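Here the chain labels run A, B and C in written order, and each chain numbers its own residues starting at 1.
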Amino acid sequence: MEEQRLIDLEHITKQYDGVTVLSDINLYIRKKEFVTLLGPSGCGKTTTLRIIGGFEMADSGRVMFDGQDISALPPYKRRVNTVFQKYALFPHLNVQDNIAFGLKLKKMPKDEIARKVDYMLDLVNMKGYGKRSVDSLSGGQQQRIAIARSLVNEPEVLLLDEPLGALDLKLRKEMQLELKSMQQRLGITFLYVTHDQEEALTMSDTIVVMRGGHILQIGTPKSIYDEPKNAFVANFIGESNIFSGTMVRDELVHFCGTDFPCVDSGFGEDKPVDVVIRPEDILLVGEDVGQVTGTVKSVLFKGVHYEMMIDAGHSTWKVHSTTMQPEGSRVGLAVVPFNIHIMHPMQEESAQ
Amino acid sequence: MTDFQVPIWGYWLMGIGLAAFIVMLGMYIRKNRGFKRPLFASPYVLWLVIFTVIPCLLVAYFSFTDPAGNFTLDNFKNFWDSNFNARKAMDQEELNMYLSMGLTLEDLGLARNSINIDTLVFSLWMAFLCTAICLLLGYPAAHIMADRNFKLGPTLVILFIVPMWMNFLLRTIAMMSLLEDNGLINNVLEMVGIGRQKLLNNTAAVQLGMVYNFLPFMVFPIYNVLNKMDYKLSEAAMDLGCDHWHTFYKVTLPLSVPGVVSGITMVFMPAVTTFYISRLLGGGKISLFGDLIEAKFLSTSLQEWNVGSALSLIMMVLILLSLGLLRRVDPEGEGGGMV
Amino acid sequence: MMKILKRFYLGLILLFLYVPIVVLIVQSFNAGESRAVWEGFSLTWYGKLFNDPNIMKSLWVTVSIAVLAALFSTILGTLAAIGIHAMRKRPQAIMLTLNNIPMTMPDIVTGISLMLLFIFTKVERGYVTMLLAHITFDVPYVILSVMPKLKQMNKHSYEAALDLGATPMYALLHVILPEVMPGVITGAMLAFTLSLDDFTISYFTTSPLVQNLSTLIYSQARKGIKPTMNALSALMFVVLLLLLLLVNKRSSKQE
């Protein structure tokens, strides 16, 4: 494992005017991995990216790259490239000069530059746009050029700072798939910053969930979705029902007025816990066979499923189901033990 | 006096300042582990300190010292009493002797003489008069040009903006040549039979020159505010039953106050500080505060840098006060001081 | 009726502002020495102007100082604007306030304070001190012209250049500068014009031996106006007017 690590952040901290934006960040990124930093705005994800890019200096800690300390290297000496939020294409240069910018700095022969630029234009599906001015391109096209401008330098890591944030939904979905396939074809490590959990789940090999300058959880999309470490992660990644309950003993939890069997243990006895249940994991059963019973408060049709809000056990449950129960009807609810996730209750910032 | 000795601490201070600048620069680079964009401003920071901050401090330094470099408040006392130094210079015993002989201070020409304060008061009065005339002439002009139905307005405003940037000296000379004994006006007067008049070298000529120079500074900010004002406001006022006159002084006038205040400061400040207008149109007979300062520094017969500095300091305080007043009334700079 | 009255009033005011200038210019073409009689169109005074060694020397001083001051203040000011733009809020506010001082202070105070600096540092007043003074009052205007262009720029452009391997100097010259160039040119033109235009600050920072056109005109005018001075003033008027219109047009186009 150890030799595969390309980037290693060690105890990174950063403050702006006395406000801590990163506290003791430890993170490593493997070669050819697609890693996403995910979190709400102000969580420190962009700052982390900028520290790796060399635009910000960490107050303490080290940035290791391929086994070397690059903390003091300026951006232009780092073997990483960045795709900026609003593209930052150079308006006084045309498309091909934008792409060739880095290559010219490397004093590459002209014909080779031309060859590489053409290849890149092809790669991002922008063939024939080389002479166009940057301002004449649409947002999506500018995005492609920004990616080409970075990739042409063959960076070992590509840093992407919410690169799709300015695009509309449909274009964003297309670009997500394209970026992913590009990354796999070229075999480059991607470090991607976004606040869009769906984007993160679709594209990443590894997701790093951040909040308030801390890393809350690192894992594959599936493990983060299925085994969120705490209620914040659960809530941020997909929709969740979060109840506060009590651990009666190992593998038995009490919430919403009922004891539920579960698979977690080791929380102690009569200890307060957070209980997280995904809406699609709640089963609608007959009123008499449910673990709890409740009344359907509202029904929304969501395309693939119905979303129902059900009052049961003095709480409101959000339930996703393909079968619809009419408003006002009495239903029984059941959850299999495997789908009940028990977590230590969230105490602010004590998660680490 | 002409051979000014730099105090030894002056050299020390300069050396220490330069060293401090270099050390701070080094610390900044170290802290950021490399070059950061704010460093592009460092040459100008050094420039600002040497050519703006230090000169301002020097004005203060010279104000509070005597020619030998000792601390004194005499420059300000002297401001109230021009003969202060002369009286001090005379041996006290000698003075007592004269006084005991029955001569008065007036006889000795050593009475409390207040050229400075009189000049300041006269200067303020001239500036005030100039401001008032500019306001009376300028407000209607700005109001006419800001009228939405007056299509030529925006073009004509340029004719008011251009002189604002133009060399006052040249315009003063143009006015001077017009008023001269054999200038155009006198020729016209002679032709119509009134005969030549002495038009130059009096207070009125100086006042005319000031109004002529500074009028655009009153018109432009007022025009700016009136022009940006929502014309629907006055329409609403008329809709609510105001006639033209009421609409003007109930709606338009109060809303144009920021422009008026901006205009007042922009006229008043240069009017207080001018020296060449009074020198050229007053023929050296009319002395304003600016002339006084200029004389203390540049007249060959008396070079009283310390007194001059004190006068400049007083002027700076006056300017800061009026700028503070402007900030208060027009915090967003709506009046648009600059073009 | 009201309308005619209004226009008449406006006409009077403009007449008041422009008649002296126009008369001055017309008189400068008068063949005779007297201002009283029109003796026909002639360029006599302009010819004398260019044969007067004093005036020619002052012209050289004025133009060379304007060019040098514009050059140095543009370099200094553009760098400063880029630096100030990238600063954090507090130092930025301090810098902008300091930068405003030379613009808000009356010229006479600026002139005197600089004069005291030269007295204090024992630098003999003359060409160099005048140049230094001109640079000092030009830079703030250059900064003011460049700043808006910087604000329009994508804030990551500079970082993108570094990211692609450019050194700060290369990024400055090949990315930032081309983008803010229109503002830099306006700033340079403004600096040049203001330098040509200045009288008060030059007056206090030079010696009687080194005069620019403004101080020369002033010292001559104190003794009464000669026709050559008329011609010189008229010439300066026209040049300055054209420059100012040009600068104004440029800066309003940029907004």
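Everything that follows uses one rule, which is that a residue touches a chain if its C-beta (ideal position, glycine included) is under 8 Å from a C-beta of that chain, and two chains touch if they have at least 3 such contacts.
Predicted, not measured: the structure shown is a model, and the values here were computed from it.
K.L.:
Based on C-beta pairs in contact, work out which chain pair has the most and send it over.
P.N.:
Top of the contact-pair ranking: B-C.
K.L.:
Please identify which chain has its centre, taken as the mean of its CA atoms, farthest from the centre of subunit C.
P.N.:
It is A.
K.L.:
Name the most central chain, where centre means the mean of Cα atoms.
P.N.:
C
K.L.:
Just give me the whole-number Å value for how far the CA centre of subunit B lies from that of subunit C.
P.N.:
19
K.L.:
Between subunit A and subunit B, tell me the centre distance in angstrom, where each centre is the average of that chain's C-alpha atoms.
P.N.:
Taking the average C-alpha coordinate of subunit A and of subunit B, the gap between them is 62 Å.
K.L.:
When the centre of a chain is set as the mean of its C-alpha atoms, what distance in Å lies between subunit A and subunit C?
P.N.:
Their C-alpha centroids are separated by 56 Å.
K.L.:
Which residue numbers or ranges of subunit B touch two or more of the other chains?
P.N.:
35
K.L.:
Which positions in subunit C are in touch with at least two other chains?
P.N.:
Answer for subunit C, listing residues that touch two or more other chains: 168.
K.L.:
Which residues of subunit A are in contact with two or more other chains?
P.N.:
Those would be 74.
K.L.:
Which of the residues in subunit A come into contact with subunit C in the complex?
P.N.:
Contacts found on subunit A: 17, 53-55, 74-76, 80-82, 84-92, 101-102, 105-106, 149-150, 153.
K.L.:
Any idea which subunit B residues touch subunit C in the complex?
P.N.:
Touch list, subunit B to subunit C: 4, 6, 10, 14, 35-45, 47-48, 50-56, 58-59, 62, 137, 140-141, 144-145, 150, 156, 158-163, 165-171, 173-178, 180, 182-184, 187, 212, 215-216, 269-270, 272-276, 279-280, 284, 290, 293-294, 297-298, 305, 308-309, 312, 315-316, 319, 323, 338-339.
K.L.:
Can you check the complex and tell me which residues of subunit C touch subunit A?
P.N.:
My answer: residues 88, 154, 156-157, 159-168, 170, 175, 178-179.
K.L.:
What does subunit C use to touch subunit B in their complex?
P.N.:
6-7, 9-10, 13-14, 16-21, 23-24, 27, 34-36, 76-77, 79-80, 82-87, 91, 95, 98-99, 101-110, 112-117, 119-122, 132-133, 135-136, 139, 144, 158, 168, 172, 193, 197-200, 203-204, 214, 217-218, 221-222, 224-225, 229-230, 233, 236-237, 240-241, 244-245, 248
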